[in-house]
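Presented below is the structure to which this report refers.
Note that the chains take the letters A, B, C, D and E in the order they are written out, and that residue 1 is the start of every chain.
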Amino acid sequence: MTAQNNFTQGNSSSSSPPLVSVRDVTMIFRTQDTETIALQGANLDIQPGEFISLIGPSGCGKTTLLRILADLQTPTSGDISIKGMTPTKARESRAYGYVFQAPALMDWRSVLKNVMLPLEVMNFPKENRLEKAREMLRLVGLEKFEKNFPFQLSGGMQQRVSIARALAFDPPLLFMDEPFGALDEITRENLNMELLRLWRETGKTVIFVTHSISEAVFLSTRVVVMTARPGKIEGIVNVDLPQPRSVETREHPRFFEIATEIRELLRKGHA
Amino acid sequence: MASYSVMKENRPQASRAWISWTLVLLAHLVLFFISYTLNQQQGVSQKLLLQIVTVLSLFVGLTAVGLVAQNRRDFIPAALLFTVSVLFVEAMLRVNEVPAGLIPTPSRVVVALYNAREVLMLDVFYTFVLEALIGFVAGIVIGVLASMAVARYKFLELGILPYASIFSSIPIVALAPVMVKAIGLEWPSKAAVVAVTVIFPIIVNVVRGLQSASPLHLDLMRSYGASPMRVFFDVRVPTAMPYFFNALKISTTLSLISAIVAEFFGTTGNGLGFRIQIEAGRFNFDIVWAAIVVASVIGIVFFSLIGALERKVTGWHASYRS
Amino acid sequence: KDLVQVKLQLKWFPQAQFAGFFVAKEKGYFEAEGLDVQFLPIGDQSPIQTVVTGTADFGTTWITDLLTARQNGLPVVHIAQIFQKSGFTLVALKSSGINKPADFKGKRIGVWPSGNEYPAVALLKKYKMTSSLDSSVARPDVQAVTYPFDPSIVFPDKVDLVSAMTYNEVDQIVGLGYSMDKIRVFKASDYGINLLEDLMFSSERVLNNPNFKNSGMSGKEIAAKLVKASLKGWDYAVKNQKEAVSIVLPLCGNTCKGSGTRADARAHQTWQMAEVAKLYNAGPTLKGNAGLLDAKTYASNVKLLRDLGILKSAPPASAVDYSIWEMATGKKAK
Amino acid sequence: MNTLLQRTLPLLVVAVIIVLLYYPLMIWANSPVAQRSLETGADIGCKTVSECVYMLRNPVIPAPAQLGEGIKSLTIPPLAPTSAPYNALVTLGEAIVGLALASAVGLLLAILLVLSGSFERAVLPWLVASQTVPIIAIAPMLAVILGQYGVQGWFPKALIAAYIAFFPIVIGVSKGLKSPDPLQLDLMKTYNASRVQVFTLLRFPASVPFLFTALKVASTAAMVGSIVAEISTISFSGIGKMLAENSRASDTIALWVIMFYGALLGIVLVALINLLERMVAPWRATRS
Amino acid sequence: MTAQNNFTQGNSSSSSPPLVSVRDVTMIFRTQDTETIALQGANLDIQPGEFISLIGPSGCGKTTLLRILADLQTPTSGDISIKGMTPTKARESRAYGYVFQAPALMDWRSVLKNVMLPLEVMNFPKENRLEKAREMLRLVGLEKFEKNFPFQLSGGMQQRVSIARALAFDPPLLFMDEPFGALDEITRENLNMELLRLWRETGKTVIFVTHSISEAVFLSTRVVVMTARPGKIEGIVNVDLPQPRSVETREHPRFFEIATEIRELLRKGHA
């Protein structure tokens, strides 16, 4: 297991106070006659500008953790602080954007209007909205589909719209729940590069759920490995690959070492 | 391309279409002939035979219209259904010598419709425009505002919704006299009755609609720190639309009938309800039914307009994807 | 022995207006004739409709209804005339300054719809006034409004004159706080408008039935028995009004009160009985011919209705069947 | 227990507010009538407007004391044929039978509308038209048909109640039946599910929210329908019969009392539907 | 590009008539003001017992092709035959099971009841339904969640329920649209092995959409590579790896060659 609070990374200093801090967070769901411990005693500190990936078996609590951070769910116990605020305050100050696991597009809005939704909600100046939304659609390669309605898109295209929507308002903190899960490798790699560029250029902090070890390693400054039932943080792996990442990063000898380390952790958790 | 393939599909059915059209025509002719030859004043001989032929023609006609309807997406089947049924009613009434003072034949109604057209148009203005329409709009506005409050505050949902059902349980026959007493004999008292009867369907539907928003959409808006207003307009209102339109559709006919019935309880002498009441008392059921036909036509047009609006506004809804 | 089931449709809810029938039942006059009479209360349907469709065998109604129905092809037949005089009135507050029919001009009059508006219309016509009930008149002299029978809905707030039967609504108006000295009652009959009211009728189907409900008797025989027993009941009721009221009261429950919460049911029905007796004890009754339709009055009623344009032509002779009354009383009608 | 309180508290609070608002509303509504009565010299046992508003014989809104008196006199004894509770139960019975009939017919029509576009095009306009025909016009026809066979009493009322109530069910349910997720319809298609199965396994469950809103609207419609039917056709009991009689007897306060009972019935019916919904569709309740 | 009709594989012979035959199939969607050519002149023959993967960029028509085969959509032009039948006939004879890209679970049914749905529809004997459904839930590792309702499951768990549902009635032909997209690597590998075992033991024919080249190579007898807009079959790659596949298959030198070939084709199509 890797030391938890000893990490180095490109664009944040370890002396600043954590941007996100998770303390002993536990989440228990009561259903019909049983309880599901979706998260047990989770602890995690995230510095500003980090790129954190969450990886772990299906149903281990990744989504639950993101939802708790995003103030969409209240943990059974434990404390959360984001930028020194409660999750509610953070949410209300529009500190983050969230890409849900399902696209969650609105049937009644065209692709363009779906992407413009956060801009409308947050009262961006009218002139900019269209421009910004179109820019994001270009980023995800859907500029030609702006007039379509969601049901007229393929699964991967819907997911990309939802990514464009989350990026549109340029939030400093990004929660992304398997955003690239339904995409082919090439589109995925392109979007990986775009995301990294955005991250680098804007200094965003990203918390990213993925099932792809190589994606996690390629993108992240640290990878949080989780185990299932009860959902726990099994370990946190520091990704000390040079920044900025590029195509060569995947060839780097450390890449494989880290990937292997994560795989081991995962296997350990799975057993 | 597409039309070609449709044509191709239908070709084997061409002969069947021909047969059904023939049957439709036959049914019309028989029914018309029966009606034409029977004069209501003279006695009818061979009643049983004629009854059987008439019912049989209706049966043949309906079946044939059903066959015609299978290959058409236009108004023709509805129109044929209409003509067959009307001819059947005409023939049946004549065969059974039903007096006009009880049920008039459709032909008498048509004549009355023509003769009374000016009076009826003025009645329509009172009943539909002043009473039904104004009451409809007022009811919607009040109903929607109440629904918003109810959907917003759990307290109101528990506290007000049950009372809202009280409103709709007050029969018009009890409400209308009170309204006349309170507001007067002129049209506003009827518009008020219409508004009251329309409110409940609106509230029930709109509240349910507002509460049906997808949890994921609500989460999304929450993640934006969206104000309740934004959540309301961006998520809840669109999801409530199909429900809202259901309520509107029901309210189209409800408002019309409420206005008509409310006129039975005091009026200054205009309106379809007044006309129906006064002419029913004189056993002039041809004018009564002429007024009902006018009301029905308005009802259908009103309903269709709302239906068209629904398609326009909620075209995205699953119910419009085939 | 087996009684013949007969359904009699009353024109209104149970009250002293129908005292004679209730007395006939209570005293066993119907039974004595071999009849088991069931009274059907009224709904929105007119008695004409229930009788024509066979839901009821006999009915009571006003002569205007009977004749307009007949004109529209409904085979209804007059068999006996109970009230020999019209009880229809228009009531105004004395304080309103309406002292004579000519003063109606420019006023609002409340009329009952459904064919009950004819006496008011006839009265207006007699004084050469037009009303908003004629759709052909652009600026009517009188605005007529319709409302459902209860005078308190419109009077005295919304109309200047209100329709009232001597035996019912007049007392209801008194019940509203306007005693007889505060109101002016314009009786239609005082102004020559004597459109006859409660009568007994049946349908041609019933009367032409040779074997009424398998009783072995014809419809006409049954009709005659019904009329005979009814008239006997009426004679008794009119002579023993107190007892008649006692017979009526249990039949109408809450609605006997007639006028607001503080009204007394017995008082109201006593009033009604007295007024109804006046309508019964008029015309032919005074000559010992209770139940007979007076030919002259009938002719003048028909003329009035034709003048008003309500009847397009004289009703056929078959609209009235004098033979029933003759059978019932053993007298000759002419 | 706690939740029971949570549920009833708002109801009670609103009830109190209504009672508190009732007084001023009553005074406001009755004042003109009282004024006019006094001006026209009516003798109603009071001298001033503020006094008279409580004792009008034709109040726009009855005073609470009058209402209480009326409720008492029409309620005791509760099961007498002239009492409101007894007649309310009669009407409730008719309305429930009517609602059941309406549900059966409405459901059937809704299914046909969903199954066949041509049926919809041919029949929907007729259904709409049927709702614009006042009962006064239907009643004689019903009399022709049923009276000839001696059918009287509650059945024609239930029929008329059904006639008014089926329409909201048709509209609501047909929309509901059309609203399942297209992907789920595809799924059933891959199973080659029969039409019946598509309905029972998918369309019906998916239409539940629409169904129950429709039922609520229909239940009050059925109530009104049976009352109107009682007024329009020959009836020996029922709220409608009481309404008709008392309105013709000018008993304004009795009318209010009867309306009160009618409203009570409406609440009972809607509550029954709510209960039914909780029993039939528990998955809606479980999600917070 | 690989020759289209020259392939070898474990459990089908190339002389038998094709189980699935796609001839010149084109699908054009008309939207608002434009047309999308989702599929253009696709030709494909599939022998009984084959395991075919479809791979291609997001929005290239994979789902559309499956839906056409499954008779959920009528192609604009072209002919399809399945077991010598029209797609409609095939569907009516319950020839196939379909795992949709989205889970499409029914909110009002518990997990167990969702899996039992096809068994109910197809009138399986009542006694067997429960048993069969539980067996399938065990296969996808969700036996403990049978009483839960769909909204109480994580994204990956929902997807697994939908897989269990499709397998429950044991269809001879399986259409699977990115069935494992939302699963972590280990669960995915487990399910890969289970699917292969089922395929081998029951002789099913599988048509499988995936974005993972290695998954495609590992599972398939042939891989169909598609390109986007207009959606076309770019090439069909024969996977001549030995059967039965096992953990070692991934180490096989041919594995990388084939994977590279597919990647090339994909890149070519993407450009």
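By definition in this document, contacts are C-beta pairs under 8 Å (C-beta built on N, C-alpha and C of every residue); 3 or more make two chains touch, one makes a residue touch a chain.
Note that this is a predicted model, so its numbers are computed, not measured.
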{"item": "Path length in the contact graph (chain A to chain C, fewest steps)", "value": "2"}
{"item": "Chain labels contacting chain B and also chain E", "value": "A, D"}
{"item": "Interface ranked first by C-beta contact pairs", "value": "B-D"}
{"item": "Chain whose average C-alpha position is farthest from chain B's own", "value": "A"}
{"item": "Computed distance of Cα centres, chain E from chain D, in Å", "value": "53"}
{"item": "Chain A and chain E, separation of their C-alpha mean positions in angstrom", "value": "29"}
{"item": "Gap in Å, rounded to a whole number, between the CA centres of chain C and chain B", "value": "38"}
{"item": "Multi-chain contact sites of chain D, meaning residues that touch two or more partners", "value": "33, 58, 135-136, 140, 144, 181-182, 231, 244, 247, 287"}
{"item": "Per-residue overlap in chain A, given as positions that touch at least 2 other chains", "value": "102, 151"}
{"item": "Interface hub residues of chain C, defined as touching at least two other chains", "value": "49, 53, 148, 150, 152-153, 157"}
{"item": "Partner chain D, residues of chain C touching it in the complex", "value": "9, 12-13, 40-45, 49-50, 53-55, 93, 95, 148-153, 156-157, 172, 175-179, 182, 252-262"}
{"item": "Chain B contact footprint on chain D (complex, rising order)", "value": "6-7, 9-11, 13-14, 18, 29, 33, 58, 60, 117-119, 121-123, 125-126, 128-129, 131-137, 140-141, 144, 167-168, 171-172, 175, 178-182, 209-210, 212-214, 216-217, 220-221, 223-224, 227-228, 231, 240, 243-244, 247, 255, 258-259, 262-263, 265-267, 269-271, 287"}
{"item": "Residue ranges of chain C in contact with chain B within the complex", "value": "46, 48-49, 52-53, 65, 68-69, 71-75, 113-117, 132-133, 135, 143-148, 150, 152-154, 157-158, 310"}
{"item": "Complex interface listing, chain B residues touching chain D", "value": "65-66, 69-70, 72-75, 77-78, 81, 98, 102-103, 155-160, 162-163, 165-166, 168-175, 177-178, 181-182, 200-201, 204-205, 208, 212, 215, 242-243, 246-247, 249-250, 252-254, 256-257, 260-261, 264, 273, 276-277, 280, 285, 288-289, 292, 295-300, 303-304, 317-319, 321"}
{"item": "Parts of chain E lying in touch with chain D, wherever the complex brings them together", "value": "67, 70-72, 91-94, 96-98, 100, 102, 104, 106-109, 117-118, 120-122, 149, 151, 169"}
